[in-house]
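The next part holds the structures, each set out as C-alpha cells.
Next come two complexes built around subunit A: one with subunit B, the other with subunit C.
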Partner chain A sequence: MSRVKINPDSKKKELDQILEISGENIRDCMQCGKCSAGCPASNSMDILPHQVIRLLQLGQLDKVASSQTIWNCASCFTCASRCPRNVDLAKLMEAIRLTLIRVKGNSRLKADDVPGKLDNKIPQQAIVSGFRKYNK
Partner chain B sequence: MKYSYYPGCTLKTKAQELEKFALDSAKALGVELEEQKEWQCCGAVYPLAKDEIATKLSSVRSLVAAHEKGEKLVTLCAACHHVIKRVNEDMKIDDNVRKKVNNYLKLTEEYKGEGEVIHYLELLRDEIGFDKLTELVKKPLTDRKIGAYYGCLLLRPSGTMNFDDAENPSIIEDFIKAIGATPIKYPYRTECCGGYLSLDKKEFVKEMTTSIVKSALKHEVGEIVTACPLCKYNLENSEIVDGNKISISYFTELLAEALGVK
Partner chain C sequence: MFEGGIELARIGVFVCWCGTNIAGTVNVEEVAKTALEMPGVVYAKDYQYMCSEIGQNLVKNAIKEQKLDRVVIASCSPRMHEATFRKAATVAGLNPYLVEIANIREHCSWIHKNKEEGTEKAIALVRAAVAKATLNTELTSGEIDVEHRALVIGGGIAGLQTALDIADAGYKVDVIEKTPSIGGKMAQIDKTFPTLDCSACILTPKMVDASAHPNINLYTYSEVEKVSGYVGNFEVTIKQKARSVNMEKCTGCGVCTEKCPSRKTKSEFDEGLRTRGAIYKPFQQAVPNVPVIDRNACIKFNTGKCGLCEKVCTAGAIEFSQEDTKITQKYGAIVVATGYDIINLDNFGEYSYADSPDVITSLEFERLTNAAGPTAGKFVRPSDHKKPKKVVFIQCVGSRDKSCRGKSYCSKFCCMYTAKHAMLIRDKYPDIEVSVFYIDVRTPGKNFDEFQRRAVEEYGVNYIRGMVGKVFPDGDKLQVHGVDTLSGDTIKIDADMVVLAAATQAKDDAEELGRKLSISTDTNNFFTEAHPKLRPVETHSAGIYLSGACQGPKDIPETVAQASAAAAKAIILLSKSKLVNNPCVSGVNEAICSGCLECTKMCPYEAISAKTLEIKDHGKVIPKVVAEVNEALCQGCGGCTVTCRPGAIDLKGFSNRQILAEVDAICH
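Now for the complex of A and B:
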C-alpha cells in the first residue's frame, strides 16, 4: 500500500480558499463515516459526505466540484452536529459551493429563473434562501 | 411582560396564520410583543462563510434595537430564529465579524452579542412556563394525537442554538401536553425536510418528506405541528399529505385553539 500525502501541493490555492472560507480543519476528520450515515440527502449524492472530506484531504478538488453532492446538501447541519471530531462539513460544503459561484457569471440560480420555480404556496423563505445559496 | 418582536418576511405573506395565532395567543397570555419598527429580512439562511459580513447586518440591527430597549427579541419563524441566534453568537465569539460589523454600523456603543433572542416556544417554556400555560388553557385539545416536527433550524447546531437536545428534543411535546393533547414521538421528527432544495429539486424533497410523514403515520400521529413555514410547505407536498390523511399546522394555531382565541 502506498503512502498518501494529506494536503498535497496540487490545488493548494483552491484548497486554501475553501479552508479559509469555511474556517474548518479537514485533518481532524478520521473518516468514521458518521456524517454519511446520518445525512438525510445521501440517497441522492454521487459522493458521500465523508468522501467529500477525503477528496479534499487528497487535493482531488475537481471530483468534489463536479459532484451532485454539493448541490444536494440541504444545510441541515446533521453531519456537523454528530461529528465526533467537530468538523463542520456543512461549512465545508458551503465553502466549496461559494468558490464555484463567486466566479462572475457562475451563479447557479439567476433572478430571471425564479418566477418559473414558484407556485402559489411556496413561502418567501424558500426563495430568499435559494437565492442566498445559489446566487452571488 | 414586554418583548421586541421580529416577524420576518414569510410571516407577512405566506405564513400569516403563524403570526396571527401567535399574536392573539400572546394577548391571551398577558404578553406584549411589540413588532420592531424597521426590521429587515434576516436572509433566511445563516451565512456559513466566515468572510461574509454584509449578510449578517440585518440580524445585528434587530439585536441591537431590542438590546437598547432592554428587551429580549422574540422570533416565530424557525429560520429567522436560527439566523439571528447564530449571528448573535458570532458577535460574541468571532473577533473578525464583531470588529467589521461594528465598524460598518458605527453604533454609539459597541455591540458584543449582549442581547438575547428567544423563539416563541422558548417564551412559552422559559418565560411563561408550561405549567402556567396549562392553567390558562380554556379548551384543552383532549384526545388529539399530535406529532411534533422540529426540522433542523431550531435544534442544530445545538451548542449555539441551545434550544433543546438536538437528538431527542421534547419542547414541542411538552407544549402539546400543556395544551391538553397527547404528544406522539416518532423517529423522523428531527430529520430534514429538504429545506430550500424544494426550489428546484421538488421530487427529491418529496422523497425526504414522504419518509417523515410515513414515520409519523406509523406511530399513529393524527396531525403534525411545526414552527417553520418552509417545513410546512415541504411536508404538505409529500406524497401522503396530498391524499389528505394527515394535516400539518403551525403550533401557534393549536395554541390559539386551546386558549379559546382561534
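Now for the complex of A and C:
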C-alpha cells in the first residue's frame, strides 16, 4: 500500500458542491459505523458507507468517485434514520452521484439503452428512478 | 464644582484587558482614552489583569491618590468579579456600592469579532456605567439570621454522603427521599469499578449510619412541595405520602409482603425483572425497614375486599386510613442530590429491546448478576433461564447521539461498567464468549484505563470498534449485525443475550424541582452549577448546592467527592451566626404611595406588607395605608418597582433614575 498524502482541501470545489447539494455536515460524523452495520446493500459495496464519509473528510474524492458503493446504494435511508449524529448519508450519496453525472458526457444511462434493459416485470417507477439516479 | 446643586462626582474608570479575552476584540486604550472625556471622569487606566493583585492595587491607589468617590470597572461579568472589586474599594475606604461594573467581556468582546464595533460597544457600556455610577449612593448591608439546619433532597449515595458530612459537623439534616427506601441507584448495583467490591457492602453501612445518626432525620416516600425564603432562611413544605403502614409499630418482619395476594406489579428496584406485592419493601436491606402499600396495585384499595396484610400483621401496623401529611420546616441550606435516570429505549427499535426479553439494559444486568437479585445471582437468560453462550454488549445507546432519539453528551460511566460486566462474566464463566461494540473507550480516572485493558488482555473480552446496526430475534438466538470499522468488515454474531448501555438522563421532574427552588437547568435538564470550574457545587441561588449526578453524569467516586464538597459549602453557611444581606432592597416613598398594595401581591418573597400612617389633612388626623418593605426578606428582584402605579417604590442601587441615566447614556 502506498502512503497517501492527506489534504482535506484538495478537490475543494467538488466537495463543496457535494455538501451544498446534500446540505449535510460531514464533520458531524464520528465514524461509529452504525450506517455500515445496518446497511442492507453493504454486501455489494467495495467500500463501506462510513468509509465514504471518512474519505470525504480526508478529501479523497477520487476513491469515492471510483467506488461501486455510491452506485449500489439503494437510497433506502436506513443509515439516515439511525445515524446518531444526524448525518444523512443517503443524501450525501445522492449528492456524490449528481456531482459525477452532471459533468458533460458522464450520464450512466442513455435513453436509447433503456428498451433493451426492460422486461415485463420492471415497474415504471424503476425507469423513472433509474433516470434520476444515473442520468443528469 | 457645583452644577445644578449636585456636586460633580470624581469617577475613576479602569479598563481590563483580561489578557486577550477583551483586548483581542476591544481597543482597551481607546476605551480608557474616551472614558476620560465622559462627565465626571477624572481618571482612566487600562491594565492587563485588573483582578490580579497589581490590578487591584492600581484601583486602590487611584482611589486614594486621585480622591475618587466613584469607580467604574470595565471587565468581565459582575457575577465573576464584582465582589472582588467591591472588596478592593472597601479596603481603600470607599463604600463598596459606589463601584459599578461595565461588562465588556461576556456582553461585548466574547460575542463580537470586529474590533472597531467591539470598541464602540465597549465605550457605550462604559458610558452607561459612568452615568449610573454618578447617581450611586452609599449603601450599608444589614444582617440576617441563619437557621442551623440543612435539607438534602435525594437519598442516594450523593445525598447520604452530603447528609452524613453535614451531620458529623454537628448540624441537623433532613433527607427527603421520593421512594420508600434510601439507597438510590447504588443499591441496585452489584459490584463497583475499578475495585470490584460489592456495592451493597459499602453502601448499606452508610444507609444504616444515616438512619441511626442523631442529627439526621429521614423523610422517605416524600417529596418537596413548596420552597420559599432565601439563603439562611428557607421554608420548605414536604409532602409525606401515605405509607399505609405505621412506621413506629412495624417490626419489619415481612410477613405482610409475603402474604399479599396482589403479585402482578413489576418491581421497580429489580428493573421489572420480577414482580412484587402491593405491600412491599423495595429490597431486603431497605432503610427504613418498613414496607409500603402501593395503593394502585392494592386489592383492598381497589375493591374494598382483602385486607390480608392487616390480618397477618401481629404488630397492628397496617393503617389503610393514613393520609398524605405535610410538614413545613425552616432550613439554612439546601443540597439537591436527586440523581439521574436512564433513557427509555422505545425509540431504538433496531435493538429489539421491546421485542426480546434477552435484550436488556445494563441496569437490568446488574440485577441479573446480583446475589440478591431475581435469579439469586445465577447468570441466565430472562426468557428461558438458560445460561447464555455468547453475550454482546453495545455501548453508546443514545449517548453522544445528536438525533432526537438520544442525548448529545457522553454518559461518562458506561465504558467502565461495560468493562466491569464483561470481566465479571468471563471471570465466572470463561466458556461464555463476550463481545463489546464501542465507538471510543473513554476511561480516564485513577486505575480506570488499566481496568478496561484488563478486560481485554487478561479476560479476553472481544472489543469491536464499531456500532451495531440491528439486533433481531432468530429462533432462540439474537442475530447481531454490526461493523468493525478498523478492519472494514461487517460482522454477524448469533448471540444469546444483548446488553445495552443506555444513555443517562436528568430526572423527569428535575425542571419542576428547579422551578420550585429557583435554580436553573441546562438544555438537558441537569442542574447548572454557578461556575463550571470555580464553583462546581454551588448554584446561582445562594444557599442551594448540588451533589452528584443531578448536575451531570457521574460515577460513584466522583459523586462522593462532590457530595462532600457540597456538604462543606453547606457547613460554611451553617457555621455562620449571621449573614450579611444585600442592601439593594426596595424602599417606599410614603408621600407618593397610594396604598393600592399591588406590590404586596406580586412580591415573591412576601416582603411587603401594609402599614397605617396617621396624617394631618386640613387640620384633621386621618389614617393612610401605605406599603412597607421588610428589608430582611426583600431580595431586590425589583418586581414591585414596575408594579407600583404611582412610582412610589424604588430599588436601592438600581433606582429608576439610575436605570434611565444608563439608557440615556447609551442613546447618547
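Everything below uses one rule, namely that the second predicted complex is superposed on the first by the 129 of 136 C-alpha atoms of A that agree within 3 Å, B and C clash if a C-alpha of one lies under 4 Å from a C-alpha of the other, contacts with A are read in each partner's own complex, and residues count from 1 in each chain.
The rule is short, and it goes like this: a contact is a pair of C-beta atoms (placed from the backbone, for glycine too) under 8 Å apart; a residue touches a chain by one contact, two chains touch by 3 or more.
Just so it is clear, the model here is predicted, and its values are computed rather than measured.
For the composite obtained by overlaying on subunit A, subunit B and subunit C can both be accommodated side by side without a clash.
Of the two partner chains placed around the shared chain by superposition, subunit C is the only one that A:Q51 touches, whereas subunit B remains out of contact.
Contacts of A:L15 after superposition on the shared chain: neither subunit B nor subunit C is touched. For subunit A, the partner that touches more of its residues is B, with subunit B and subunit C as the two candidates. Shared-chain residue A:I26: touches no atom of subunit B or subunit C.
In the superposition on chain A, contact of A:N72 is made with subunit B only, not with subunit C.
By the touch criterion defined above, A:A90 reaches subunit B but does not reach subunit C. In the superposed pair of complexes, A:K133 makes contact with subunit B only, with no contact to subunit C.
The superposition places the C-alpha centres of subunit B and subunit C at an angle of 80 degrees about the C-alpha centre of subunit A, rounded in steps of 10. Here subunit B and subunit C sit at a least CA-CA distance of 5 Å once the structures share a frame through chain A. Of the residues of subunit A, those at positions 43, 78 touch subunit B in one of the two structures and subunit C in the other. Residues of subunit A that touch subunit B in their complex: 20-23, 40-41, 43-44, 72, 74-78, 80-81, 88, 90-91, 94-95, 98, 109, 117, 121-130, 132-133. Interface residues of subunit C facing subunit A in the complex, by the touch rule stated above, are 350, 396, 398, 400-403, 405-406, 439-440, 465-470, 481-485, 488, 490-491. For subunit B in complex with subunit A, the touching residues are 8-10, 13-15, 41, 43-45, 47-51, 55, 77, 79, 152, 155-158, 166, 191-192, 194-201, 204, 207-208, 228-230, 232-233, 236. Remark: subunit A residues 28, 30-39, 42-43, 47-48, 50-51, 78, 82-86 touch subunit C in the complex.
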